[in-house]
Structures are given as structure tokens and as C-alpha cells.
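By letter and in written order, the chains are A, B and C; residue numbering begins at 1 in each of them.
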């Protein structure tokens, strides 16, 4: 036993030493933090050019979406030095700006001649500005993203299905223009045998732990007339968040969940939704546009088999904004190198390659270029979607606001507790409390 | 069992009752092993096999899960892959079959190394400090000893999240957030209570006459401690060390809240392993397998001491 | 306690008193720095409106308001109920199965030592890492558990939504916890059974007591202190439950599996209401500590009997 103990201790000290070494070795190395998803892999590819040019090594820290906010907000709040650059979510901007997590970029943009006018306006407001609609920039728009839909074009084009559908619903089976149409299509496909397999209507966001169900349900709520606050009186939510229209919208989302999703869809976010589509389980899939390039390339469901459409309309027409800007973390000791990366990333030719590799550039020169809409089969749907975006709160307390919405909505839609009216009334109460605590009302 | 036993003494159960008992226990043991066997089987399945319905028991084993665990990959066009030079490793080969190329190593290895450093480092410290304190409590009159000991033990009753809140703030001030040192200190503090408590029990069992005899022979107290007590306590120290190690190795809550990258250990990392669109279950299973093996070995080594360790020495065989 | 005087006088170098303190001080210092100081800090914070994500904001004392809010928050009471349900059922299941197993193993059939070790394996593993894998076993379409359950019950696998169904999800976490920790209870019960001296049974044999009677009048009462100890340890552990539930359900669906630690984590590290979270943490700590103390008193009474 004594020998064993000694060996154990020896091993421990050797390990402690060996782990201390590699950290000291590399000096010029930047760590970029982002979510683990397809665009991140594209960014790894893109960044090789940066390393070749500047001899600065790039290290990446990618975290799955379900723990992305949790992990990195924790990191920022603990004033950690893990990330030199961070591609942080759009809703973080308020908190990150007010608490000094991000470096303010105005001066740097002026010095380097980077103009925010060169970027798509919605992305500048959404990803860079705090307070909103003022020229205070905390990030460079990096990845445009928005919720949209994919559908199985090959199934939609089957003559026998088209015929049956027309007989049943009286209109031609195709990408839906309204949510009522979407639900009819979903009902039509639910539990139907297609190519010898039981398939389901649609995959929608229902995730509980982070932000999933909120990012899903807002697409429907916005369309039905939900508003975050009185446009004339900020933070007045009674009658806007829980308006009769908003209640109907929430009821619709639950009806869609109950009737037309695959079994076990109680905790679905981007990854699970894409999975359901890839495995040929569903006819339609709600997901952020970033998944489209990957799905289009998929061997089983990609190519001719997949189609894309923007969020359907109802009374109004909106789509939930996703996407992020890239920021320099103020606790980083390598600020200059990090700014150098942003300068490089903002160049038009880099942005063009970014789009080519599967990232969604926010640079006007790229998205407004002639031929952009036809450059990829999903480019048009992306442009249409970006034209109708709306985002969740970006307040410094966004996390509390989000948590309340996750709980209220999931409780009603998935767990089936209470009514839609109760859920939204509860949400108004929760949000009022948050804003009161912040001293905003 | 009642009727079978009346004829015999309960002290020596009948053959029938033994056989029945044995069968039930073995069936239970086998059922509880299924999830673990399934983890291993999943780790050597290909991703499509792992999610097929009905679950596959017969399949062609592959190292793809392990390759995916240790690498990051990017998708490429078939033309690009055909144009590449010959694959240099099995992993290259497997990856290319999925139209992907290896882009670099994944974060699993550094996280695993973090686990080793933090678990062994904190174990060493906890056992070192614990042995000293246990000897002090065992051999000397310490004022308020019982209260102190009870207090030491009660620190383990706090929910980890409750402990994590002030630690988070403290580490932020001290610059210990996301550092191996911070995690080692924290785990040491948590483990020291177990170590003191257990080791005091072991040292209490060593007759103090041994040291006294040594001191009569001219040893100082410290020499007697080193040359007489420590060798006698080795088994106890080793057992305590393994318990501390297992705690630090398995810990999740602190690691998830107080580390984000540089000092992150394997438990919060493994659940976040995802492949292209979806949790990469074979890779997760591979990581889980690698992570569990050391503990399996320790469990077998430690089976005789287990009871004492897990009950803070409240129960001894 | 201390060494007899004549020997102590002969000790060269440090006095016993100095050694005692030199030996005990480092461990105590560490505990003071990493346990007590933060605890005091948390108590202080619990009376303020401090938010860890607003380092620049002005910190104000709010008196008992945080405590008031925690204790009147229906969501927190809901979480406490969920925790109680979880703790209760895991203890019941683990005690019944664990005791039964111990009783069977105590028949000392051939190979019982080997099989005991096998049974112990799950409890040594990381609840987070293994709990995470159970998510896969519970998958309704592809998971092994759903498949097996469907074979047994005849319900189609797609309907067995262990983690998504409001009534099943609490049981899904209870099942994993029971799978993991029954061996723990079994081990303690086994020690209890083995502590019963043979002569008591022999005396019962002489009195011609039936096996059934022996079981209820000897085995159970004599093993009771051990069973109670197992219940205590499991109770404390599961009251703190965080990792396994986080990874299995994240508290969902809705909030049906949101145990106290998850609510606490959300308050502290997602809403960043540090002051309120500290108050909640203190309340939890006092609750565990108080309950455990009452329980230990009861345990001692049983032991003395």
C-alpha cells in the first residue's frame, strides 16, 4: 500500500508540473469564444487566413447552445480571462455594455475607417448598439441569423400527396404563407406513412433550460400581435404582452405542439430540431437560418429534397432575430491583437469568403451584391427573413426576463398547466417585478 | 423463506434459500449493469448505429466515437477529400468516410488532464492536511474538539450551489476564477472534512503505546509520528485518499459554475460534446467510458474500505 | 487523553501543545478561508440587494426583504415540494430494495462477495456523467429504456416519454437515483445485518420462534439504527440534488422536476439576484442542518434502546 501511495503522489506532482508548462509557452494566441455549431466550424476555417497573415494563433472555445449563455455570461461576470474575443448573443449587449464586459469600439471603428453604415441596419441595431438606436457600438455584426423554416420539398412534390391535400384543404400543397396553412400541412403529414416510414408534421422549439421555447414561441406571438411594451410608454406591458391576440397566439403554439410534433419533442432546440429533420422524421422544421447550409449539404435530406421559407405571416409578419456580433472582452490582456482580428474580419473580401464558407455576413456589400439571392438556394429566404426581424429584450436583466418567459411558456405549452391567459398574465407580473427591481418602473 | 428456515438455523441458511437469494441478487446485479454495458457498446458504435431503432445489439464495432471524441472535424466536398494524400491514421480514414476532415484536436484531452491535476492535487492536499489534523485531534487535548469536529463535518451538508455563490465572488476578487489552483483549494476544503473525520478514526485505532515506547527510546514526538504512526496508518490514508479522489473526480456543480475553460474538468465537459447537428452519442459514450474506467478500478481495489468511507466512518465492519 | 506526564517531559523539541496546534491549524485555516468566511459573506449579502453581474451598482441594505420574498415565493415552495417528493420516494425505494438486497446477500450464497462488489459499481460513478447518458437511454424512439419498457408494457415506444411527460419525468429522475444509490443503502444495511450476533438467533431457535417472527423481532429492530443512518445520509444528499437533475431534465418539463438546488442556481447564476439567492441558500442550509439535527437525536434514541 505504501508503494502505491508514493506512486500516486509522484504522479500527482508530475501532472501538476506538466500542466503548468503549456500555458506559459505560447505568447501570441487569441481565444475566441462562441457557440458550438456549424458556423463556428466555418469560422475556424476562415481564421486560418488570419493566422497565416499575422502569425497570431487562434484558439477556440465553443459551447453548445443550451449552455452557451450560462457558461459565457458566468465567465464575463467572473471577469475571467478565458476569452479575448467573444461572439456574444444579441441580448447580452445591454448587460455587457453597462457592466463593462465589452470594449467600446467607436474610437477603433473611427480610426480604422470601419463604418456601421456598411452593415445591414437591423444587425447593427440588434448586435452592436447599446442603448438601442444610439451610435454606441460594442460589437461588430458578425453573424446574421433569424428563425425560418425548412420543408421536405420531395414530399411536398409527390403527386398523390398533392392531390389528397388539395381535396382535403382546398388549396395547393406548398410552402405556407400563414400559420393556419402551416398547421394544416403539419396535420396532414402527422403520423402519415411516407416512403415506408411514419413521419410527423413539424419540429418546433420547446427547450426549457436555456432560451429554446422562447425563441420559438415569439415567432408565433409576434405574428398574432404580441408586443413587449406599449410603444408609447416604455415598460408598460399590461394589455400588450397579455393582449387577447397574444393569448390566441400562445394557444396556437400549444395546439401546434399538441397536434403535430414528433413524440418526445418536449425539449427541442436547434440541434434536436435539425436532427428531427435530418433523420427524415418531419415535413417541416423551425430553425435558425444558420442550420440551412449544413442541411442543404446533407446527403439524405439536402439538395433537391429541401426547401426554405421565411416565418409565415398572420395578422402581422415578423421573425425572431438570432445572430451575434463579435466583441473584445475588456478583461483580455491581448486587446490589440483582438482588435486586429476584428479589423481583419471586417474586410469585404473576408466577409465574402465568410458567406461562402457558411457564415451569414451582415455586410451590405455582400448581401446586396447582385447574384447574392441566387448564390445559394436559401439566400432568398434568408434575405426575406432578415427584413422582418424582431428581437427579445436586450435589457441588462434580459436573463431574468428570459427565464420567466421560459418558465411560463413551457409550463403552459409543454407541461399543460393552466391557460394561455394565466401564463401571459403571470409573465406580465414576473416582468413587472424585474423592471421594478431594476428601478425602471 | 420462513418455512424453509425453521428446520435449520438462520445462522446457516438452507441450500434452497441460498440458491433463491443468489439468483435474485445476480439478476439484480446484471440489470443494474445494463446501462454501463450500454455506455461501452455505444462508444464502439457508428453514429447511425447508435440511434437506430430498435436498439442494435449486433453491429460492426468502430473507433469512430473515440476519433470524434479527440478531434474536431470540418465537412468538405467529396472532390476535396479525393484529392487529399493517403490517410495517415485510422481516425483520418473513418472521418473521411463521412465526408469530413480532421481540423484539429478537441478539448477533451485538456479537460481530462484538468480532471487529473485537480483531483490528484486536491486529494494530496486534503490527505496531507487531514492526516496532520486527525493526528492532532486524536492524540492531544484540543479545546472544543468535539464542536470543531462536528463543525468540520457539517460543512459537507451545505448544498454546493449555496457554497458556490460566495466562492464565486471571492474567486473573482482574488483572480482565482477558472484556475486549477482555485479548484484544488475548493475541493481540498470540501474533502478535508471527510479526511479529518475518517483519518481520526484510523489513527484512534493505532495504540498510543507504540509511540510512547518509541519516545522512551529517544524519538521526538515528530519522529514518532513519522516513523511509527504514519506507517501504521498507511492503509487508512490510502483509503481516505481514494475517497477524496473519487469525490473530486466526480464533482460537477462547482466545476460547472466556477470554471469555464482553462480549468474546466471532464464532468461538465462531457455532456457538451456534440457532433454535426445533434449530440454525438458514440463520442459522449467514449468520453464517459474513458472517464469511468479509473473509478471502476478504484471501486474494486477499495471494496473492503467502502463502507467506512461512504458513511464518514459512522459504520465500521 | 494526553500523554502521561513523565514521557511528555522527556520530549525534545516542540511541546505537545505547539505540535497540536501546528497540526490542526492548516486544516482549520483552510476551512475558515473557504467555508466560514464565504458563509459569513453570504449571510451579509442576504441582507442586501447585491447583484453579482452589476459590480458597479450601489449596494443597499434591504433588511429582511430577501428572506420575506423567498419565503412567500410560490415558485420556491413548489420547488421545495418537488424536492420533498424526490427525497421521499428515493428514500422509500432505496431503503426497501437496498434492505432486501442486503438481506439476500446475507444468506451468504456462493460468490456473494463478488456480486456485492458488482452491485456497488453504479454508486461510485459521477452522477453528472452517468446521468447525462441516461438521457440517451430515456429517448422515446431510440433509447434502450423506452424500448425495454415498451416490450414489457406493450405501449409503443414513441409514447414512453420519460423526460417529456409531466407525470413520468419526476419518476425518471427517481429511477436513475435509485439505480445509482440503492447499493449505498444496501451496503449500510448489510453492515447492520452482520452486526447482529448469531447467539440471538440461536436463542430464538431454542424458543421455536418462526422465521417471520425472528425477522420482525430481531432482524429489523437490530438493523434499524443502520437503516436510519442510511436514510439520513441519502436524505441530506438528495436534498442537495443538483447535477443529475440538471443533466436529465434541467428542471422540466415546465417546472415539474425543478428541485430546490436548480431554483437556487437559476436565481444566483442566471438571474444574478445574488442577495436573494444568498437568503435562499441560508434558508436551505438552516433547513438541512436543523432537520439533520432533529433526526440525529431520534437516531440516538433508537440506538440507546
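Here, contacts are C-beta pairs under 8 Å (C-beta built on N, C-alpha and C of every residue); 3 or more make two chains touch, one makes a residue touch a chain.
Everything numeric here is computed off the predicted structure, so don't read it as measured data.
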{"item": "Pair with more cross-chain C-beta pairs in contact, given A-C and B-C", "value": "B-C"}
{"item": "Longest centre-to-centre distance from subunit C, chain (CA-based)", "value": "A"}
{"item": "Between subunit A and subunit C, centroid-to-centroid distance (C-alpha), Å", "value": "38"}
{"item": "Between subunit C and subunit B, distance of the C-alpha-averaged centres to the nearest whole Å", "value": "17"}
{"item": "Overlap residues in subunit A, where contacts from two or more other chains coincide", "value": "74, 77"}
{"item": "Two or more partner chains touched - positions in subunit B", "value": "51, 168, 172, 257, 279"}
{"item": "Shared-contact residues (touching 2 or more other chains) in subunit C", "value": "52, 141, 269"}
{"item": "Residues on subunit B engaged by subunit C in the complex (per definition of touch)", "value": "1-6, 9-11, 13, 17-19, 21-22, 24-26, 28-29, 32-36, 38-39, 42, 50-55, 129-130, 132-133, 135-137, 139-142, 148, 152, 154-155, 157-170, 172, 185-186, 188-189, 192-193, 196, 208, 212, 215-216, 220-222, 246, 249-253, 256-257, 266-268, 270-271, 279, 281, 284-285, 288, 291-292, 295-296, 298-300, 303, 306-307, 310-311, 314-317"}
{"item": "Subunit A partner contacts - residues on subunit C that touch it in the complex", "value": "49, 52-56, 75, 139-141, 158-159, 161, 163-166, 249-256, 266, 269-273"}
{"item": "Subunit A residues touching subunit C - in the complex, by the definition given at the top", "value": "66, 70, 73-74, 77, 95, 98-100, 208-209, 262-267, 396-397, 399-400, 403, 407, 410-412, 414-417, 437"}
{"item": "Residues on subunit A engaged by subunit B in the complex (per definition of touch)", "value": "1-2, 4-5, 8-9, 11-13, 15-16, 18-19, 23, 31, 33, 36, 38, 41, 44-45, 61, 63-64, 67, 71-72, 74-75, 77-83, 271-272, 274-275, 278-279, 291, 294-295, 297, 299"}
{"item": "Of all residues in subunit C, those that touch subunit B in their complex", "value": "1-4, 7, 10-14, 16-17, 19-24, 26-28, 30-31, 33-35, 37-39, 41-42, 45, 52, 101, 104-105, 107-112, 115-130, 132-134, 136-137, 141-144, 147, 157, 179, 183-184, 187-188, 191-192, 194, 198, 201-202, 204-205, 210-212, 214-215, 226, 229, 233, 236, 239-240, 242-243, 246-247, 260-261, 264-265, 268-269, 274, 277-278, 281-282, 284-285, 288-289, 292"}
